[in-house]
Every structure is written in structure tokens, then in C-alpha cells.
């Protein structure tokens, strides 16, 4: 089995390096083909491993030593257990689809080869993240995906910075930096968590760490849990580190699909799931995670309500869904979180890829107010996006229904009715904004026509490439029971209480009802075309939401600008005016001392004699002190 | 075999003197050959080095002034071995990448003399010989900065010289006092480090000696608030000067802490962890912010050096094998990475004769290879895992975490602030549209520059992925050092703080 | 008798030397200096240092003063010398300070009971004889060195005041030196 | 009638006098040669002088330790031998600097060389005696010759220098004799070993401290004048500037060494007796001297004047060692001055080689910094050599003066004066600036005036001297051990 | 009764007078007079101590001081004549080229 581990892991890397060889050449289709093929190979290996894990059990390999210093010993070790296998399969599957899709999507881009190199490198990092058997290995992947994300968000680095009014993300390179730096903030928390683990347990291997959890001081566990979760918050863009995700939509759409929807952003969820023995031991932290997740769910959904940017809406919905996952994980339903993670990966990637199709058709125009009626030109895309949106809204029998509904049940089951209520309400919002987007894009009047767009459907094979996702978005939920059976070999089972079982039908109905009502409301509001109301758009809530609660501006004014101002002050006021000036001041003082003491040297002999006599007088006058002492 | 170190020291010296007769026309080839031979010699030293032996190897001791206990005493252990190799490597790379036209011969010979001093510092086991090389290294550097530097080169060169010179004189007083104590205890003079190690100094003596040595090393590192010479030196120095300065000369200070302060004054070192760490934290945070405020690419990297050296200091004062090994490794990685970054800035400076970020923008479109290598080094600089920069930074911080989690968390902001200034530099220079006409026709890296840079990229990745060949010898020696310190420590506080690794205990 | 002579001499010497240092006229100054030195030799006689007194008279009043007088012929001495004094008080502060401290020093019980004379006068010898005995044994070497010193001073005086100093080879370039050589 | 005194010639121990006698005989010989035959070339006299000094050196080396001669006036101990050796060697190295390719006034006098030898004899007498009379007479002999030799350079500057030096010297002489008088009044003796004995007895008497310190301080003025300590240093820069470079270099070594020897004897005695005031005064003066002169050297525009201030500073540095009064400190003084000798020899010789008759770059100075601008491009070897001397003066290892500094600071540390050692260190750092300034001009500035040869005065003899200086400066690491061994042996053997 | 201290104090006062002359005089010739006074002051001290201790060393010293004084006069006057011939002045204030 070891070789499949390595194949699954390194195939993307090989692809990436292969593509890198061509990075400065003009577009070569071979890079796309080779990377996609290798990704497929990786996917196959992952599936084989998944099968193996389900049949035989976990696979563990140690490739080689990495860091060994003092008592710290960190190998490149890979552990393929149920969670990993699921993650690997999801990642490689979505990646393969996105790779194939990108062959079409990036067709005319100058950086075609470079793109595939980055994208495969990302998959490699993601595989390291999920496969590693220790926290530092996870951190490698963690940072690796961060860098790839940086590269890919900033893929069109040549675009100039513009103001926030023109583009809320300012520029791809700005967004890339924002993402990277914000992630770094969280990574610091993660590092601190890792240090805490090391110095308290003496090892970073998952096996050792989780074995030690029961015997550890509770306070310490809480601290570790908090810091690890800070890391997760960054990668999964949880409040208050969420702003980068929406800005990250500056990257090419396949990137958004793969990284900022399906895989990387779920790494935080993965971490919490992975560390479930730890979080199970600290319910207070877990509860906080759940509350935060819930908050992010509604918070992000609210921003999606009014947004006009096709991709940003999806990004907010991703954010919102991540909140759902954290809520589930925080409530102890780890497998539910993982299930939603996987389901979400499929339908959200599909949604993004659909958005990519639309962008392609609309010459990269993203404003849904400028679209409408695209369904004529883009029937399949409409179908895919509709499907994905239905799944997102949680409509039976699509995947989202099963996963999201379970989360709500969990919330109910835990007697955290507040969480349940909010999540339930958010489900309605989700349905509304998803379909607001779908309807504004695909139905109603063709607002793009006056603007001179000539939309067209994407090539066939691109549509084919998307089909696995579509399929999974539909059927994945049907395999819930198999999934549970498989995953609970590793993750703790989550049993609904009798009380909940009692209500489960009602809950399902209620949830479906609000989702449907959201869709219906969107239908009435938008399916006939765009009806803008200046009054609504001028209203305070609308403005708050469309400005993302003014949080980016707040961050700019509270962090970025003061940081820059403080930096300049440190440099100009302190470093130059105080520190360096002190040094130079000492030097100048010595030199001035020289200048003033050289005045002694008048050149006039008489002065010299006076000085000499004066010196002699001082010396001889010392006897007066001696005389006084006697 | 034991003479390998002497060969390493004196080969460039002799080559430098003989080089006077080589004609200006052929001097570059001469310089490259000599530096390459020196580098290969140092590699050979690594090859024959026994990694299992934590002690000094290739030891050679010849009495020079026996009455005063001064001897030519050299040797390497895991801590110094790789710094020596890095010094020879960076000299070679520096010479390969040389782009000066004026007085090329003087430059190359000066570099060879500088190499003598650099190798000498790291292999000396006698305090006076150490000091000799330490001080002598200032002279070639002064010349390099002053003769080939920018507009304010004289100011920068003199400031560099005087500042470090002043600090090291205080250190000299400290050294002489240690020798005196040794003499009064044993009755004979000795400046040999191995002899000094055996000296158990009273706490009160350790206290002031610690600060005397500290001043010498801190200025060299340079630690806040003694760092202001560095931006000038880097800002004005020619590329090769910056490369060597950042890669090797700064390491002398941190190396000094490991070689002198820790084993000689374990109690004082433990006692002063907090003030030193506070300075280190100021270095990390404050200089990182200052770096962000810079307009000049080179200044950013200069200040980033200071910031990173702060992490190294933290690691050294972690008082455990993780931290110290990590900081030694970080010295190497910082040497390679910042050296490479300075080379890269030099590349663009050669083309445009400016280093202001505002003059650039969109370089990634015009010079993709350049942008790629810069990006790799940038990522190494911000401590991306699987690059060389991560291992050292991680271990240093991990080590210091044992001392103070809160301080480590503050020091850890280095990874944030580092990303802030580095990415901002990269964005301002490489991203965005190409706005300046002059930038549109810039040539990408040529063969010479690639020859210099690709080995560095390879090393950065190789040692990021597989640091063991380097880290293990370092770790062995550091473990021995730590357990030695533990043995020697007198106060219970120090005994508790200096953590001997379990593996060392088991081995005992 | 002796106290009277001492005080008389002391006051006179002090007065005369004050004139020497304060007078604006070189002649007055020199004359009072010479007179003071004569009186000092008187003190020597009182102290029983006859030979020293004679030497004082001969060397100082005779030779040194004669040389001074001779030298003064070079300089214009008829006019009062003009001296610019910036801080006259400083001069007297210094002088007064030194005087006070020296008086403090010398007012100490400096005379030691335990001090033994190393070179007491030989019994029965006159002062010049006793001086001669010490000077030509113990202090023969300093005496000879003093002769060397006088030789040096002589050479120095001669060449410094000599004609050859009128031109300076150190300031002329080589061609000019060659020219002067030819003319000479 | 008085009984005749019979003196045994053997008891006079003439051999102890031989070095001085040789120098005096040589001087007289030169005077005679001059009388017999006029218009002999200076080369003859230079070589004759060197030969005389060579024999003198041989005689010095032949001295046996701890002997007295000539009614105990001459005292040969380790310090004497070291002092005499240094004086002779320094003289041998400096006198060939007369062999310039251009003519200078003083060398046209055969008497110059006679005076030179007389001066050496004077200094040798000074170091070879513990009798204050002998010291005084030797000092004056040497000084008078020195004043004359300075004046003989016969430039405006040299005249001014000579008169300044002379006048201040006369004042210092006054203080010296007054100090001696006080000591004599206290102890009834002018011989140091005897003075020490009496002082030992009398030091406890009430009120005795006043004259003891008073006498010491008066002598201190004279010592301070000769070794140029603040505030008695004011002549130094002016005299160095006015005098010819060889003379200036010479003055930075030999008179100072001679007076240092006296200081070791005199001040060491007081410190041994436990008169802490003397020690404190010496330290205070040393600290002020090195600091102040360093500061003043910073702002100089002329290299020679800078070197003058630098040698004041070095003297202060060494003076601190005297206050310590340990064998190691005393040894380090001689080591320091030996190494300083070679470095300063080289530096002043290079200045001398670069001397033009007219002032090329400045209205007042012969050697302004700008004159040396861009030397590395004009005369690279000379620039490198000058840089080596400057680095040595700075105390950059491995050049010679580093070892001197090392020993002096080490002696200071050993004696427990760590704060003093720190001040010494910091002063070295300040000093580095002005030495560097010359290096900066030579190496880092564009050439100012390439039309004129900087090294105008070059001749083989000067090159040889500079070569010796370079060798001694660079290779110091190889001879410090035997040198220090020898010095420590001599110093220790005579109980200092 | 005149003690040794009387002579010494006289010597001290004369020394101070000499010093006043040295620092006050601008005319070099007259300045040299003042140095003579200082030397003579020392002579008095030596002679007095010599007399009171019945020791001849003091007289020896005085004797040599006189010799030195004579030599100094020779050299000093040589210099003065040289200066006067070259510059026509022996005033200190006229020799202040070298300063700083």
C-alpha cells in the first residue's frame, strides 16, 4: 500500500514540476494534460487507499526524518486513516475535475503552464496537509497551501491597484498578500499550539499527542485547543479573519473552486476533526467553536444577500457553510462536519466552476446586475449551477440536504437551540441568496445585451469535466449511512438522542420549508428581471451589508494604516531620530569636544605656560587635601 | 588531516598575496578558482568530519606566545563546521556574481583576505586568535563598502568600522579578565577556549563579563539598539559586500554568543535571559516594522536581517538543544537566504542603478526567472516550511517557548511581520503593471547570475526538505554544549533552566 | 644678626625679583635680577655655602648676566616692552596659588630628626675643600656630563646664532640650493 | 691638610658607563672630523652615527644586571638596559631618515650629528641613574640638544616649535628642581633608593604627607611635560608640526621612553610607599590625556599634527600602566613602546618621504589629509604600507601595536582596574576614527592631484627603513613572545 | 631663630614670583629672566637644606642647577637671536602660527 501513498502524494508534485519546466514558454497543452493525468492518477491511488482503509485499516508510512534537534524528532510520516482517506479522495477528485476544467478555462491565458504548475503544487501541499501523521507535517501543508493560494490569488499580478470603490479587493496582488498575511496571523496561533504540545507532551505525532490527552491538565488542553483553533480560524476564514476569502476571488475561478471552496478553506475544519480527542476533552472550547461557526454562518450569509459580485456571493456562501461545519465539529459531531465538508466540496466546486463558465461567457464580467437571461445561451451551466444551488440550499435529495440537515439536528440534539435557530434561519438566507444569484444570472431580462456581451456556452468537454461534481452533488448524500459506517471506525460516533429522533421529521420539514421559502422569495423577487430599489440600496442595513459591515475599512483603519504609520514613525522618528541620532550624537559630541578642546591649543606660548602652571597648581594643591586629612 | 583548517585559513591568504601579480584581465578567473578550491576544501572537511563526535575536530594547537598563553589553536565542531562552509560558499558565490568594473583586482583580493578572516573567526579556539580574525575582518569590509559603495559610502564604512570596533574592545577587556582569572586559578596563562570552559566563574564575575562580551557580540549581530550601522552598511555596500556582511559577518556575533557567552557564563546567561530576550523581541517586532517603512529594497532586506537575527538570539538563549541547534541552523539559512536576496537586489541595481521600490513594479512580467528566484528566497525568508528558513526559525522559537511562551508568541510575530514587509516589497516591485519605460526592456537573469543563484536555491530547498546532514552534527555538538552548561551551572535557577535533552541523558 | 640679615635679604630679594617680573623696562628687569642674584649669594654665605656663593656670583652675575647684557644689544631695549595681558588676574591667581601651596608645604615640620647626612662636610675642611671632595668623587660623573651639556649649549648657541641659518635649505627647492652653492 | 682620596679604578666600574662614553666619543669624533675636513657629505655622518650607535648597542647589551658604577651614580638594572636599548635602537632607525633625496637644512650641519649623539648620551644618563642630579643633568643635556636640532630645520614652524618647546622645558625644569628640593628637604638625599628608605621611616610622621605629595607633584609636572600628559602636553602638537618628520617621530619615542623610565623609578617608589594620591593623579592624568588628545586628534586636518595628538594619547595610555606598578604593567610599557617605535617610525618616515619643500596642498600644513587622497591609485604599495601603520596604531590585530594594547590592557585588568581598561578600550575606538580618516582618504577618495609625486623624497635608505618598519609591524606576532620574555625577565630581575 | 622652614618659604615665594613672571611675560627675554628666578629659588632651598642637614648634596645640586641655567641661557639666547634676526621680534604673541 505504501506505493499508493507515495503515488497519491507525489503525483501532483511531479505534475507541478513538469509544468514548471514550461512556465516561461508559451502555452503548451501538454502541461495541462500531464498535470490532469497525474492528478487523476493521484485520485485513483486515493481511491485505492480509501478502499484499503475501509477493508483493512489505516496505513502508516514514515518516509524519512525531517527535523531532529534536541528531543524534537519530526519525520515525514504519513498516516492514511479514514478521515485522511476521505479528505484525499475529495481533494484529488475535485482537483482532477478542476484541472481538466482549467484546460478549457485557462485556454487563452498567457500563464497557462504556470497556472498548472501552481495548481498541482497546491494539491501536493493539500495532500501533505491531510496525510501527515504529525502536527508539523500538517503545518508544512498548511503553509504550503497558503503559498499556493497566494500565488494563485495573485495569478494575474500584473493588474494595477484600484480603489475599493472600483474593486473591493483592490487588486489580485493585494488580495494575495492580504490572504497570506491574515493566514500568517492565524499560523502564529497554530505554531504556539504546536509549541505547547511539544513542551507538554514531548512529541508532535498525532498518535502520541492524542494518547496523552486524557492524562493532561485541563487548563493546558484548553490553551492548546484555543491556539490550534486560532490556526484553523485563519485557514478557514472564520471571523475575524474572514475578509481575505472574499478578496481571494481575484484569483482565476478554478482556483476559487478548488482552493477557496472545496479544499484549502476546509483545512481548519479538518484540523478540528483531526484533533477531535483534544476538542472532545474541552467542551467549553468546542462550544465556543460552535458558536463562532454559527455566527459566521449567518454573518457571511447576510453579506451574500446584497452582493452583486457573482464570485463573492459564492465566497460568502462558502464562508457560511464553513460556519456550519465548525458548528457541527464544535458540537462534537465530527463525522457530520466531515460529511458536510465533502458534500460542500462537491457542490461548491460545481457552483464555482459554473460561475467560471458564466465569467467566460461574459468576458470576465462579474456583476450579476449586468447579466440575466443567460439560460438561453448557457443551458448546461444553468443546470449545473441550479443543481449546485439546490444542493447548497439543502433541498432533498441533493447532497446538501443530508449534510446540512444533520447539522441542524445535531444543534437541536445538543439542546443548543439558539444555534439551531440561527442555523435554521441561515438556511433560509442561503437558499435566498443562492437563488437570487441564479435567477439574476440566468433568468429574466437580458441586461447584458446593451453592454455588448455575446455569451456562449463553454466547450463540451468542460461541461463533461464538471459532470462528476454534478453527479456527486446529487448522489453523495445518499451514501450517508455507508459514510457513517466507514468513518466512525475512526471518528467518534454521534448518536441522536431519543428526544431528537422524536422530532427529526418535524425538523426536516421545518428546514426544508425555510429553504424553499427562500427560493420562492428569490423567485418572486428576481426571476422576472432586476428590480432595483434605490431606497433599499440607500438604506443603512443594505449599505452595511454591501460594505461587508465595514470590516475591511475598519481593518484598514485599525490595522493597516496605523501599522504603516507606526512603521514610518518607528523608522523616521525613533530609528533615525532617537537610536541612530544617539549614536551619531555621541560621535558628534566627541567631535565637538575635540573642536572645543582644541581651543586650548591657541598657538600662543603664553597660554600654554598658563595652562601648564595652572595644571601644576592643581596638582600641587592636592597637598591641601592631604593637609586637611591630617 | 589535522592541518585542513590551517590550509583553509591560509590558502586564501597566500592566494591573495600571490594574486597581486595576476593581471587585472584574468583576475576574475583567478578569484573564482581560488574561492572554488577553498570551497571544495571546506566541503572535503565536511566529508572527513565525524558527525558522531560532538567535540572539536581537526584540532591544531601551536603555542605562539606561550608566556601569555596565546596559541594558534583551531578546531571545528558541528556548530562552526557549517558556518565555515557557508563562508567559503558565499565568498565563491559573491565572486562569481561580482559585477563591479572598477578596480576589480583590488576587490577580488580584498574578498580573499576577508575570507581568511571569516574562516579564521569560526575555527579559532583561542580567544586572542579569535579576536585577531574578528577585528581583521573589519578592514577588508571597510574597504569594500568604502571603495565600491553608494553615495554615503564613507559615512557607512566608517560607522561600520568604528561601531563594531568599539564594541569588540569592551569584549577584549572581558577576555583579558577571563584570562586573568584563569591565571589566578591555575597559575598559568591561557586564552584557549577549552581551558576557559573548565573555569567555574563566580556569579558576580559572570555578570559583568557577560555584558562585556554581550556588547561586543550584540553590536556585531547587530542587536537593538546597536543596529543602526547595519542599514547604512548594507544600503551603501556593493552587492558582494552586503552578501558577505549579511551572510557571514553578522553570524560572528551570534556565533560568539554560542561559543563564548553560553558555555563560559551559564549562570549569567540564564540570569539575563529576560533582558536579552526583550532586546531580541524589540529587534524582531520593531525592526520588522521599520523594514516595512523602507523605500529602498536593500534597506528592507537589511532591516529584515536585524529582525531575523532577533529570532536567532531568542533561540540561543533558549538554553536547550532545540533552540540552540535551531538558531545555529537559522544562522546558516539566514546567511544563504539573505545573501541570495542581496544578490538579487544587486541584479536589479546593476540594471537600473536604483533600488527604490517606487522605481519598479511589474518586474515579474519582464523578468520571470528573476521573480521566481526572488520569490523562492522571499518564501525562505518568511520561513515557509520545506525551505531552509523554516527549520531554523521554527526550532529557535520552539526552543525559546520553553523559557517563555508569551515572549515566544511575541517573537513569533516575526512570521507575520516578516510576511508583511517581504510581501509588500514583492508586490511593490514585482506585481502590478510595468509603469516605468526603462523597466520594459530589462533583461532577465544572465548565465553568470544564474550560476550564482541556482546553487543557493538548490541549497535552500534541499536543506529545507532534508536538513538532517547539517542539523545532526550541529545538534550533536549543541547537545554536548547544553549538557556541559548544565553541569557547570551553579545556581539552581540555571540548572533548572538549562534543559539537557533526554537523549543526552540516556546516552550518559 | 643672622635673622636680621635673612629678613633683610629676603625682603630685598623678593622686592627685586618682583621688579624683574613686573617692570616694563628690560634694563630695570635685568638689573634687579642681577642684584637679586647677588643678594642670593649673600644668603648662601649666611648658610655657610661659601663656594656656592662664589659660583653664584661668578656664573650668574658674571657670566649669565653678561650674556644677557650682550644679547640685549641685539634687541631694542630703550623702549619699554609692550605686553598685552588678557587676564592679569589669572597670572596672580596662579602665582598666588603656587605661593600659598608652597608655603603650606614648607610650613610643614619638614626637618627630620632621623635624617642622616649622606655626604657631610669632611671635618676640618673648608667649604670649598669639602665641596671639592664630594664633587670630584661622588659627583664627578654629573660634573663631566655637565661639561658635555655646556659643550652642547655652546655648539647650539654658535650654530643657532650663526650665519648659516640665514638661508634655509629646508625651504628652498633643489635648483635654488645649487644656485646658492655656486654663488658661495 | 686633608688626606688624599684614592679611588680604585675597578670600583668605578667603567663598563657601566660604556654606552654613554661611546656616544660622547662618537660625537666628539664627528666634531673633530668636521674640524679637519669641511664639506663632507651627510651620508658619511649618518653612517658614522649608525656605526657609533651600533657599538653603543653592543656595549648596552654587554651590561650586566643590577650593577652600580661611578660612586653608585650609575645604576644598571633591567629598566636601564631596556631604556638604553630602546633609545639606541630607535636612534639607529631614525637617523637614516636624514638620507633623503632632497636636501634639508639641519643635515648640512655636521654638528647636527654630534648633537644627536650627545642627546643620546644624555638620555642614556637619564635612564641609567637613580640620582636626581644625574637625571636632571642628563635630561637637560638631551633636551638642549633636542631644542637645537628642532630649530636647525630652519623653517618658520621649526623656529616657533623650538622656542615653545624650549620655554616650556625651562619651566618644567624649574618644577623638577623645586620638586627635587622638596624631596631633598624631606629626606636629605637625592638618590632614589635612599629617598625610599627615609620616606619609609618618615611617612608616618604627622603632617609629612604634605611635603611628600608636594614633592611628588612637582616632579610630576616635569614628567608630565616630557611624556606630554595633559595639561603639560600643549607643546607637543606644535612642536611635531614644526619639526622635521624624523625629529617628530623620534620625539614621540625616545624622550618619552627616557622619561617613562624615570617615571617608573620615581612614581613607582611613591606608589610602593602607598601614596595613593600619586597613583590616582597618574591615572586621572592618563585618562584625561588619552581622552582629550583623542578628541582633539579627531578634528585635525594635518596628518602629522594628528599623529602628534595620537602620540599624546598613546603616552597617556602607557602612563596608566605606570600607575599600576606591577611587573607586568612595567613590562608592557616597554613592549608597547618597542612596538610603537616601529609603527611610528614607519608612519613618520612615510610622512617624511612625502614632504615637499613648499606646501603643496595647504597654506599651513605640509601633510594635510587631502594630500593623500586617492593614494591607492597613484602609489598603491605606499598606500597599503601607510594603511598598515594606521591600522597598527588603531590596534587592529595582527599588527604590532595590538599586542602592546593587549598587554597594557591585560596588565590593567590584572591590577583590578577594569573601569580603566574599559576607558582604554573606548579610547582606542575613538582613536580608530582619525587613523581611519587617513585610510579613507588614501583608499576611498578620488585622487586629488595626480600631477605631483606624493613621495617626493624617496631614497633607498628611506625605503629600507620603511621596509624594516613594515616587517616589524606585520610580523610582530612572531617576535612578541621572545621580546616579552626578555622584557619581563629584565624588569623582574631588577624588582620592578 | 631662622629655621630651615624660613628659607624654604622664601624659596617658595621666590618660585611663585618666578612663575608669575613666566606666565605674565610676553617678551621672551624677560620670560627667561623669570625662569632664572625659579631656578634660583630652588637653589636657595637646596643650600638651606644642605646647611641644616650638614649635607653637601644640596650644594651639589645647586651647583648643577647653576650649570644648567647657564646652558639654558646659551641655547635660549641663541634661539632668541635667531628669531630676532629672522622675524624682528621676540614677543610671544608674534609666534602663533601653529595652533588648533
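All chains are identified by letter, namely A, B, C, D and E, in their written order; residue positions are counted from 1 within each chain.
The rule is simple: a contact is a pair of C-beta atoms (placed from the backbone, for glycine too) under 8 Å apart; a residue touches a chain by one contact, two chains touch by 3 or more.
Since this is a predicted model, take the numbers as computed values, not measurements.
Novice: Find out how few touching-chain steps suffice to connect chain A with chain C.
Specialist: 1
Novice: Return the chains shared as contacts by chain B and chain E, ordered by label.
Specialist: Touching chain B as well as chain E, we find A, D.
Novice: Report the chain closest to the protein's overall CA mean, measuring from each chain's own CA mean.
Specialist: Minimum centroid-to-centroid distance belongs to B.
Novice: Which chains touch each other through the most C-beta pairs?
Specialist: Comparing chain pairs, contacts are most numerous for C-E.
Novice: As a quick test, compute the distance in whole Å between the mean CA positions of chain C and chain D.
Specialist: Result: the chain centres lie 28 Å from each other.
Novice: Could you tell me the distance, in whole angstrom, between the mean C-alpha positions of chain A and chain D?
Specialist: 77
Novice: So the centre of each chain is just the mean of its C-alpha atoms; given that, what is the distance between chain B and chain D in Å?
Specialist: 43
Novice: Any idea how many Å lie between the Cα centroids of chain A and chain E?
Specialist: Going by mean C-alpha positions, chain A sits 95 Å from chain E.
Novice: Give me the residues of chain D that touch two or more other chains.
Specialist: 133, 137, 140, 144, 147-148, 151, 163-164, 167, 171, 178, 182, 185, 188-189, 206-207, 210-211, 214, 237-238, 299, 433
Novice: In chain B, which residues are in touch with two or more of the other chains?
Specialist: Expected reply: 162.
Novice: Provide the list of chain A residues touching at least two other chains, using ranges where the numbers run on.
Specialist: Residues 587, 598, 601, 603, 605, 609-610, 613-614, 616, 620, 623, 627 of chain A touch two or more partner chains.
Novice: Mind listing each pair of touching chains for me?
Specialist: A-B, A-C, A-D, A-E, B-D, C-D, C-E, D-E
Novice: Name, in rising order, each residue of chain B that touches chain D in their complex.
Specialist: Touch residues, chain B against chain D: 64-68, 106, 128, 131-132, 135-136, 138-139, 142-143, 146-147, 153-154, 157-158, 161-162, 165-166, 169-170, 172-173, 176-177, 179-180, 183, 208.
Novice: Which positions of chain C touch chain A when the two form their complex?
Specialist: Residues 90-91, 94, 97-98, 101-102, 104-105, 108 of chain C touch chain A in their complex.
Novice: Can you tell me which positions in chain A touch chain C when the two form their complex?
Specialist: Residue list for chain A touching chain C: 610, 613-614, 616-617, 620-621, 623-624, 627.
Novice: Touching residues of chain A toward chain E in the complex: what are they?
Specialist: 598, 601-606, 609-610, 613
Novice: Please name which positions on chain E make contact with chain A in the complex.
Specialist: The touching residues are 19, 22-23, 25-26, 92-93, 95-100.
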